[in-house]
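Chain lettering (A, B, C and D) follows the sequence in which the chains are written, and residue indices restart at 1 in each chain.
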């Protein structure tokens, strides 16, 4: 998926990798693809569907809610393997938000929107924000990781 | 758990068993225990926690909402193994209810009540009512069942 | 690509891509076009879909609402365990065939 | 049986039974008694609990609300994967330590 205007980069780090990209939907696809490549090269025993979904929800919120799709703002993504866990961190350059209220919002089955935070919570082991609300850390069960 | 006043009975049926009991909380414990005994004698590969939880939620609603805890009314429980599935059916002698609305009620994380139907839906493969709403059929994944 | 097929008065809609991000707009427009043509009984067949995210689910729910308002219906069919789990966790299991 | 232990200004409450059906009333009364005594920072330790149902979760949430209103707090601690999953599915993961 070579997008002309996509400004994104990726580099390995200890037990995983990091990416950064300027706000855009293509950036989300770019990172999801890096995640799929990494998953197929590393036996984690983690559920690929859950991870793809969590990655997309976290990045979508960072790009559209956090950075308001402003291409001057970047999104930072990290995936790291820890014993029996994958740790995913997504940071945006927005103002943060009152996540304490939002994570407790009712899940409305028939609403058009408002499922992202529910998916992050229900498909992960834990999904927590920093105080400000611009850094999300998600832990995902991954039996296979010895690390 | 021999309760003096408990009027309950249980008998094997093809690939499973049936129970019936007069409305009471002890009846719920009685059936849950029968389920645990059956599960330990039959390798189903099904998740025991999910099954215990589903059985309790289904029976609690039948006893308290369906039969309004009226000991003159009975609850009928069936568990049957099908290929790769367990089928649990719970029938009460109440008036039924408008389950179409209730299953779509929002999940309110901070409410004191109203989680039973959500648990039935999220821990099962499927949870469906008959038109009237007094017979609930729950399917649960059970890899191990060849039946 | 979205395949469309008529079967016994029902319209089967079979998207050939994952229902994620703004890509799902194409699916919404297709279903709304069908509704406008009076084809209001829709089966959404997810056989070629490997992932749906919150935007994808939102579009499915929005289409269902529109179809119901016009006296139609929408049901989802899939064998994908993960997708079934997703609908169940979002309290939308009733939408599955 | 419910064990109660003080630790660094927090009260650890350790029920010795499953939190199901009306049995959970005992847990609620214990925690409300503690709150009335001014012991409003509660850790609910589920090490001896193998099952919680919707009534159990309801009592935990009700106790949390009461404690918060009095300036206290309640956190749940458990290693049980199934119970962690239950809290997460009910959007109550934030209550876990």
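Criterion: a contact is a pair of C-beta atoms (placed from the backbone, for glycine too) under 8 Å apart; a residue touches a chain by one contact, two chains touch by 3 or more.
This one's a predicted model, so the numbers in the text were calculated from it and none came from an experiment.
Q: Both chain B and chain C are touched by which chains?
A: Neighbours common to chain B and chain C are A.
Q: CA centre of chain C versus CA centre of chain D: separation in Å?
A: So the centre of chain C lies 41 Å away from the centre of chain D.
Q: Just give me the whole-number Å value for how far the CA centre of chain A lies from that of chain B.
A: Using C-alpha averages as centres, the distance is 37 Å.
Q: Chain B to chain D: how many Å between their CA centres?
A: Roughly 25 Å separates the two chain centres.
Q: Going through chain D residue by residue, note those that touch at least 2 other chains and give them in order.
A: Chain D, residues with two or more chain partners: 89, 91.
Q: Please set out, as single numbers or ranges, the residues of chain A touching at least two other chains.
A: Chain A, residues with two or more chain partners: 104, 107, 109-110, 118, 122.
Q: Given which chains touch which, is the overall layout a line, a ring, a star, complete, or other?
A: Basically it's none of the tidy shapes, so other.
Q: Among all the chains shown, which pairs meet the touch rule set out at the top?
A: Once each pair is checked, the touching ones are A-B, A-C, A-D, B-C, B-D.
Q: Under the touch definition given earlier, write down the residues of chain B that touch chain C in their complex.
A: It is residues 100, 103-104, 107, 118, 121-122, 124-128 of chain B that touch chain C.
Q: For the complex, give me every residue of chain B touching chain D.
A: Of all residues in chain B, those touching chain D are 25, 28-29, 47, 49-50, 52-53, 56-57, 60, 107, 109-113, 115-116, 118-119, 122-123.
Q: Using the touch definition up top, name the residues of chain A that touch chain B in the complex.
A: Touch list, chain A to chain B: 104, 106-110, 122.
Q: Across the complex, what residues on chain D touch chain A?
A: Contact set of chain D toward chain A: 84, 88-89, 91, 93-94, 96.
Q: Show which residues of chain C lie in contact with chain A when the two form their complex.
A: Touching chain A: residues 20-22, 50-51, 53-55, 57-58, 61-62, 65, 82, 86, 89-92 of chain C.
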